[in-house]
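Read from first to last, the chains carry the letters A, B, C, D and E; within each, the first residue is number 1.
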Amino acid sequence: MSEHKSDIRTGVYVCHCGTNIASVVDVREAARHAASLPGVEISREYKYLCSEPGQALIRQDILERGLNRIVVAACSPHLHEETFRTAAAAAQLNPFHVQMINIREHNSWVHEDKARASRKAEKLIRAAVRRVAHHKPLERVRVPINPAVLVVGGGIAGIHAALTVANAGRQVYLVEREPSIGGHMAMFDKTFPTLDCAACILTPKMSAVKAHPNIKLWTHSDVTDVQGYVGNYRVKVTRWPRMVREELCSGCLECVAACVFKEAKVPDEFNFGLSKRKPIYIPFPQAVPQVPLIDMENCIQFRTGKCKKACAQACGDRKAIDFQQGEEIKEVDVGTIIVATGSKTFDAERAAYYGYGTYPNVYTSLEIERLVNACGPTAGRVVLRNGETPKSVAIIHCVGSRDENTNRWCSRVCCMYSLKLAHLLKEHTGAEVFNFYIDMRTPGKGFEEFYQKLLNEGVHFVRGRVAEVTEWALDQSEEGKLVLRVEDTLLGLVRRIPVDMVVLSVGMEPHADASEVRRLFNITCSSEGFFLERHPKLAPVNTFTDGIFLAGSCQGPKDIPDTVAQAGAAAAEALALIGAGYMEQEPNAAYVVEDHCSGCGACSALCPYSAITLDAGARRSSIHPVLCKGCGTCVAACPSGAIRQNLFEDEQIFEEITGVLTHG
Amino acid sequence: MSNRPKVAFYWCASCGGCEEAVVDLAEVLLDVAAAVEIVLWPVALDFKRHDVEAMPDGSIDLTFLNGAIRTTEQEEMAVLLRRKSKLLVAFGACAQLGGIPGLANLWDRRSIFDAVYADAPSTVNPEGVRPETEFREKGRAVELPGFYDDVKTLAQVVDVDYLVPGCPPTPALLASAVEALLNDHPPPRGSVLAPDRALCEDCPRRESKPETLLVAEFRRPHLTMIEEEKCLLSQGLLCLGMATRAGCGAACIRGNMPCSGCFGPTSRVKDHGAKALSAVTSLIDSGNQEEIDRILATIPDPVGSFYRYGLPASLLRRKRLET
Amino acid sequence: MQALTLRKMKFQREALPQWVEQISDIPGCERVYSCIQCGTCSGTCPLSIYMDFTPRRVIALVREGFRTEALTCQTIWLCASCYACTAHCPQNVHITEVMYSLKREAIRHRMYPPRFPIPVLAQEFYKSVRRRGRNSEFWLVLRMALRSNPFLLLKMIGTGWRLLRTGRLSLKREKIERIQEIQKEFAAPREAIS
Amino acid sequence: MKADDSGLAARGYLYYPGCSLRATGVAYEESLLTLFRLLGLPLRELEDWNCCGATSYMSIDEGAAALLSARVLSLARQQGAEDLLAPCSACYLALRKTQDSVHRYPRVQQEVEESLARAGLTLLNSTRIRHPLEVLYTDVGLPAIHTKTVRRWRGGQVACYYGCQLVRPYEGVDKAQNPTRMEELLQQVGVPVVDYALKTKCCGGSLTGTLSEVGLRLNYILLKEAARKGAEAIVTVCPLCQFNLDAYQRDIRQQSGERFDIPILYFTQVLGWALGGGVRELGLHRAVSGRNLIKRWFQAHEPVEAYV
Amino acid sequence: MAEDKFEPRIVAFFCNWCTYLAADLAGVSRLKYAPNLCVIRVMCSGRVDPQFILDALAKGADGVLIGGCHPGDCHYQEGNYKALRRFRLLQRMLEDLGIERQRVRLEWISAAEGSRVRSVVNSMTEDLRALGPLRWNSRQASPAGAVEAQ
């Protein structure tokens, strides 16, 4: 119950937000209008209410003028509601006696007609003033935080996040879909701009993960179900059978050697088919865990059932090989989740005009990463499909980036890795290397210097997006070559450039199943399909679901330094919650007024969290205050008006409706 | 003159059922009659309007007015009785909510007159006579009441002290009302003299209601073999019990018929129909639009189903008038 | 070889921003503002190698509002509307449509070299169709040549003869029956042509 | 869908020749009609059709170009066509473009509708604009073509050339990047095709007439690359492409100093021949270049059974 | 405040997690749209009680817009479906009461669809301009409808 009208003493504060609001909305008039409203004790306009002096102003008014309701007309509550609640609390006013309204994102930024925008602002203020009168003092509910953390994805982001949390002494469950952790970084030879060897910096971290007492590592596994809420998630992880029992395997790889396939015949996924592997294999030498797996499509035992099982014999009485192994479901309780599922590279065949898949010597950048890699398919020898060393190489930037027909965004890393590859290719082959770029983007520590280095190595830089790659030869000089046709936009001339090898610098895009993953964790996607952060600047690793954080390129294209930084941030956010031990929940839960409930049960079916229980005997329903997430669906449904919702009481909303609709 | 409290009964747009409720007090009526002095009761005794006008203002202790307001005359009487009475009670669904006559708000005066004086197959009206508010013949003028576009509740034309729900109210409800109002501690003004909870509370079949109730089809009473003892809603019948105020003793349900909502909503609800609709649709067992529409199609007439007694008292009050 | 003293500088006063808006308002030309100057158009254009300004540069001229250069360059006349640029443009700039609109404006304001055959052909085509509802290649080419450069005819004699021999050169002047329908269609005032 | 499918045969197609098929492209019309006859698909000619507006028209007055196409579309609907067959790439594009901009730009729609109204016509924009290539591929289908084949291919390798306006900017007929339907069709009748990187490069259109140096050079490149790939003939889908490549080979020789005598065929001629059409009814006698080769390739020889 | 030309008044109920954020995004991206609607924030479209909609119309709104997450994307799993079920029947009932479909709309707008907020608001504003004012409060259910006059 709200106090009697006469005891309501409201303060209304209209923010200029510099000129963001004031340039469109007549803030002075808005404040004047507010002053005329019933129950308004004082109304002010101020340049930046969110600034310390702005908040101080509010605190002072509360104390000196005995305000008991605050209305702040400024930006989105998603941005500053917390700020002003805290300010109120600091002045001993219950923080939930503050109502914020959005006259920036929803008004000054989207409307041009100043007069009407100003009138709209007044309507919204009227609504808020009426509403806030019905606010009640509320207490936040505290939810305990389970200190265990789930990290999804074992790329560099997941690895770093997991280690950070684990080093803080917390239990981590690290789930990776592939048979080994390491992600894309494990495929690289060198990293830009420092050219330090990727393996040398990644491998130790990978083994650290394996060895860490606080990390439970599940590879070749998927998170298949997530229930619960911040602090108390229950997660199901499905471990796909690798047909080799991890706990029994010593990693001696005798089985691989013994396999009846004397030489490898199966295209090797990790090397994009540039090399072959056996049906029983480990993805790559430094794989973690060092446990082979059997691929059932190609294993004779699984295809025919008639194999002498040389692998099993080789394994001997360790008996690690288990052709009967089935999938296994693990269930764990965690308090927070770090999503680091990464991204995939653009499928170059979608850019048909570059002939990938048609001309054998057109490669993607990842394939080249493997070719130049010392422990790659060719042990670092860069050769064409026919085994010859290329004398000229073209590197085409922005393949599947900055393109309305494929992906519109800039993938951020391609310019730099193209420079890196240019350097490595030149180093390995001495070939003449051409870079074709639209804009050279080197915004990062040491990046521009690296570009300079490449310029001085005599690499060609042609500013222009290659139109096509063909085998069409105009004369002898072009016979048997891949011919690029491109406008050198700096010369303003169209050029034909024959080369032996073409490298497509493919961009980064969300995983095909990103939207399923998003639903699994109840987080949001941006329009490109990358996971959406809570706020691009102020909450870059948070999601809209409390206790779930983002790290790495699942949130957007990123290079390694940024990924690692973000992974650290995500870990820190998780640890912060764990450190606090509890999280305060917005007190917007629904509740049943016992005497009003007839126990009709209309609500029970509605609650997705089964927070509502109907006591048949007492003929009353009741709602569990923590299980309730405050959607209010049951409130809208309760036919006798017995269910109410804190912060969203019927009266409050009716008052808002009246407010925005009354003239004047 | 006696000092027994003076009680008046009056009716406006109503079917007379509420009067029946008074008569149904049977022998209780005699006690009441003994306890009070009935100063106005057009149905039973002959009174004229000027008799009422003659009464001093506030001289009637308690007036029970049933029926909705649809004509000027009814409005005038309501105003008059309000002036003459200490306590004015909206008696029965029509006075409280508009009642069945309130469904006339789906039309307007013209279309109603067209129907009654021209279009109805039973109408024989060659001269196309229409009611007129004034009729003169040989210098004598006769006045007829004006006919509004809207049917209104009593409270929409005068202040009302108490409301007694029901179509009609049960005798028991009336008796307890009389008693409650005439004793020294009357309930707070404006209250509805019935329990402020939904009917499920008193429902004899409540135990048979499933834990989570979901409906895949709505069925109509006259096309259904209705099981006794089993929650009607769970049988797919549109029972408004969960949205409707208790106090009737679940009469309809005991008669194996779903509640149609004559007692109106609880005090927390602004719009009976909207809430009922919200609750009922919550029970639909589907997330796909075609499916949902298919199920909803089995509710033939939303307005008639959810506003059978309360259209004038609803937030929108009526069908839109052509402007 | 240009004179060594030729002075090349664009003054901002020569730019016509409002003209760019007019262009971008023409159906199909909406996205000129989106051009990122990547040169895909020029790279893919089979004729760019004969142009004085590559298509990319023409778009740049348009974006910057340098109308005279955009309308007087040969590029727009070399464009054979093969739509390669449009199909490949990463920003969905409909370059072919832009070229069309520049041609139209150039013709409307006579901003092309005198006796330049391409616009002449276009106009002759236009006339004959307005008059007869169809075009007859032989007569079209004939009039085009006469009006632009009669020597073209000499070049064509050989070809013409071969076509005649194979019955592919019809001297018949095609005409549709209900030509009035077309004339009525065009009844509304349109900007005058030639 | 089989060609002899009664439904398809019954529906038939309304046929819009366009100006070229009545002049330089007459062989295209002849072979098209023959081929469809052999497939048992009736073609009804659009009555009183007019010019489509085409390329050079748009460079004068796009609105007017749209109006011309609009009349064609309107007639087509009047004459009860769901499918309007436009064999000429320029026509095909002009019609598609009009349909597209009417549907995309209200102001265009308004102008078109008003103008048509003045001529007592109404625009029903629902006509489907089809090209023979696409009809043969999707409606008739490869198997039908295969089974109806009655002649084994005696000729050599060919290069399939699509030109520009048929595959761009609208992808209705085949994909813009590396179309392959013509190859697939020809392979059904046993014609060996070479991989031809320039299959969608432009032939320069009317440039051969206006700026011959440039026009000829473009066609020279097309011929040369086809030859380099071992093609003995080029198969086309557009009258203008065919004309440019066929009629100017002598001029190209003068310009480039390289001699070409390459048959430039219509895909309808090749298919028509395989299905039993005669030399004259396929207009094969109208070729300017490669006449000897054509004589050798297209001489009646032993029928069916030998084949398949 | 008297307006020269009729400007429809739209009351919008936006869910906190998708549509409200989409509107924030529209703001951040400075997309311009008609100032005809005022947004009332609710946690979920499932919270929108039909009473709110009727009340808004009764108090003079010309239209009501409900914005929720796309089906399957609800922050509360399926609140938006519950909203949909109510909405479908309510819309039918409103039609019986003479209120056109276009006046009450339910739209799924995800947090990423700032531009959709613009298009929906603009199109709805246009529709309502075309339909003209509803003005339920002033004209409908007037305290005493005039008496038949011959």
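In the analysis below, a contact is a pair of C-beta atoms (placed from the backbone, for glycine too) under 8 Å apart; a residue touches a chain by one contact, two chains touch by 3 or more.
None of these values were measured; they are calculated from a predicted model.
Looking at chain A and chain D, the chains in contact with each of them are C. For the pairs A-E and C-D, the count of C-beta pairs in contact is higher at C-D. Distance between Cα centroids is largest for the pairing of chain D with B. At the far end from chain A, in terms of centres built from Cα atoms, lies B.
Look at where the CA atoms of chain C average out and do the same for chain E: the two points lie 50 Å apart. If you average the Cα atoms of chain B and of chain E, the two centres end up 32 Å apart. The distance from the centre of chain A to the centre of chain B, each centre being the mean of the chain's C-alpha atoms, comes to 58 Å.
For chain B, the set of residues touching two or more other chains reads 269-270, 275, 278, 282. Chain contacts: chain E has residues 49-51, 55, 78, 82, 86 touching two or more partner chains.
Among the residues of chain C, none is in touch with two or more other chains. Pairs of chains in mutual contact: A-B, A-C, A-D, A-E, B-E, C-D. Partner chain C is touched in their complex by these residues of chain A: 353, 398, 402-405, 438-439, 463-468, 485-489, 492-494. Put simply, chain A touches chain D in their complex at residues 352-353, 358, 470-474.
By the touch criterion given at the top, residues 72, 75, 106, 108-109, 113, 130-133, 146-150, 156-157, 269-271, 273-275, 277-278, 280-282, 284, 286-287, 289, 292-293, 296, 299, 301-303, 306, 312, 314-321, 323 of chain B touch chain E in their complex. Interface of chain E with chain A (complex): residues 1, 7, 9, 11, 17-18, 20-21, 23-24, 26-28, 30-35, 38-44, 46-52, 55-56, 59-61, 72-73, 75-79, 82-83, 86, 110-113, 118. On the side of chain C, the complex with chain D involves touching residues 27-28, 46-47, 50, 78, 80-84, 86-87, 94, 96, 100-101, 103-104, 107, 117-119, 121-123, 125-126, 129-130, 133-138, 141, 144, 148, 152, 155-156, 158-159, 162-163, 166-170, 174, 176-178, 180-182, 184-188, 190-191, 193.
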